[in-house]
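Structure first, commentary second.
Chain lettering (A, B and C) follows the sequence in which the chains are written, and residue indices restart at 1 in each chain.
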């Protein structure tokens, strides 16, 4: 009796597994198909004059460029100039690079220089160009319990050391994003191990982590753009800024067109030319000035 | 496709990996979803039975709103719970933000209308008849309630299974109120969302497989309990 | 149990569907209630069995109002029985379990009544697998096992096969002969009344038009509507 039941349960489990794999497989497949078909539909209806392949590109980028509003501000102008529509997939740097590696995107705009160089070296991308940089800042509770704004206002390594010593609450992105990688690099540089009750690993995007830091009254490393755009809703202030270690370089890379025949290399190259051009660069530099009184991204294409 | 296959294999590897972090995530998922389902069931089973057997003012509107709330978007529930328990919210002094308790509250809110709706549906069809039979055979109020619960056990089972399924598989609410904090409020679904954003599809699928297997086991146990 | 119905009315959505000024039923009577659809027969049966409440007036049981204690001494068998989601045995034993009867006693009485109603072979069958006739036998057995002094039967043999109906009727007759309860049987079937009942009441439009001993009414009805019914001019 008992034996019979076990075999029955096993049978069900195996069925379930088959079902699960088939099912997820189908979803995966259908996503591919639908993006494919939308390519051709959009192409034929919206830009009949340009060749089909170059009318749409998929840009895989980090949440910071999308959330800050930069892309919304400049991409319509790019479209008017070139007739190319950009589909933006905003994800973490890790996933953005992964999408490039899988040939799911045509062009990447990300900020993790060493990973990017590795990406190109591994043959996944054509070439990497500097586009712009923004800077990271350390934000924390308004009462600034660790007194970072007086002790280490422009010295991020000292600030990290103080946080570690006093075990102040610190919210880490914990999601393998560019910001997270920068944070880990800083811990490594000060030679300290981050971990323990004071060190909260959120595994979420910048906006959610800033909310958490505000809620838990902790410190966190953030990019300036996201912080400025959310500042009014946060119970936080800037405690450390201006350290050159906090500069965050964005690069643009066209995905290696040999990955698959869906990759729109022509469009990707046009996008790169445009964003590195004088016009693209000045648009980036202007962005944010009217709202925040300062540029959120500083163009530095060579 | 390769990610999915590798994910399946890794799913089994993870399940038997003896890695404390993985077990912590699984344990918390089960704890949060089972607690919220139990709390919801305690609230929803009598409520559903009462609505199903009694006539009262505005009953139809109430039923309609319960049906609507059966498909409450988890992110909205998460957001509302978060806003009420955050430091600026009315319940901020309790300090519940980013705790497992907050996750249980949010999921209980999601699950209660589901069990209530299913129980109401089952009771609506048979509740009056059961009550009448109990009356003709001389049952008192308590005995009638016990009989109702016994006779409606299939609805109760369906309700609990659907409610638990909703709880264990939702990500929106627990992500917002729990915050996906490693070792503290990280559950299977938020892990999957995070791994996806990190581009680690394989691991995400692996956790997904673990989640499916666990759901299967829990449902098997529940099924076993309700079968005679 | 003797019954007196006084000034009883029942309204559904402001429509008067039952209106009985005064009706007396001596104990040990086996009354058949007959009449066209919508005459209020079933409603009366349910009010007498205390399944529904009257709008005004009341039913007096042995001269006193209804009490919770009384509900243990009466039962109603419906046209469409609801059987509990369990075995035949547990369905029949359920009323005794409610009354906390000892286990051996329950077993003895359940076996006895199942044998009498020729359903012993169904003992361990699940209730939802039964045919209509079988289900009604189980429902009647479940009602009779608590030895009620007032038994109300609401068209309990409608849509039942003839063989089952015979057993059901025989069980009722035996029960009446053995324990002399008061029985009220709502039916469409005049022959069934003649076979089983001592008394007959004819209902029309919520009122009891005529009542008395069965033979007396059939042979010598005083009421034109009843006469028409008996002669077959009114089909019910």
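By our rule, a residue touches a chain if its C-beta (ideal position, glycine included) is under 8 Å from a C-beta of that chain, and two chains touch if they have at least 3 such contacts.
In this text the structure is predicted, and so the values were computed from the model without any measurement.
Taking each chain's centre as the mean of its C-alpha atoms, the one that lies farthest from the centre of subunit B is C.
Averaging Cα coordinates per chain and for the whole protein, the chain whose average falls nearest the overall one is B. With A-B and B-C as the two chain pairs, more C-beta contacts join A-B.
Separating the CA-averaged centres of subunit A and subunit C is a span of 77 Å. For the pair subunit A and subunit B, the distance between mean C-alpha positions equals 33 Å. The distance from the centre of subunit B to the centre of subunit C, with each centre set as the mean of the Cα atoms, comes to 46 Å.
Those residues of subunit B in touch with two or more other chains do not exist in this structure.
Those residues of subunit B that touch subunit C in the complex are listed here as 126, 129-130, 132-133, 135-140, 143, 147, 150-151, 153-154, 228. Within the complex formed with subunit A, the residues of subunit B that make contact are 1, 4-5, 8, 86-87, 97-98, 175-176, 179-184, 186, 190-191, 194, 196-201, 205, 208-209, 212-213, 216, 220.
Of all residues in subunit A, only 9, 12-13, 16-17, 20-21, 24-25, 28-29, 91-92, 94-99, 174-177, 200-205, 208, 212, 215-216, 235 touch subunit B in the complex they form.
Contact residues of subunit C toward subunit B in the complex are 49-51, 68, 71-73, 75-78, 82, 84-86, 94-95, 98-99, 142-143, 146.
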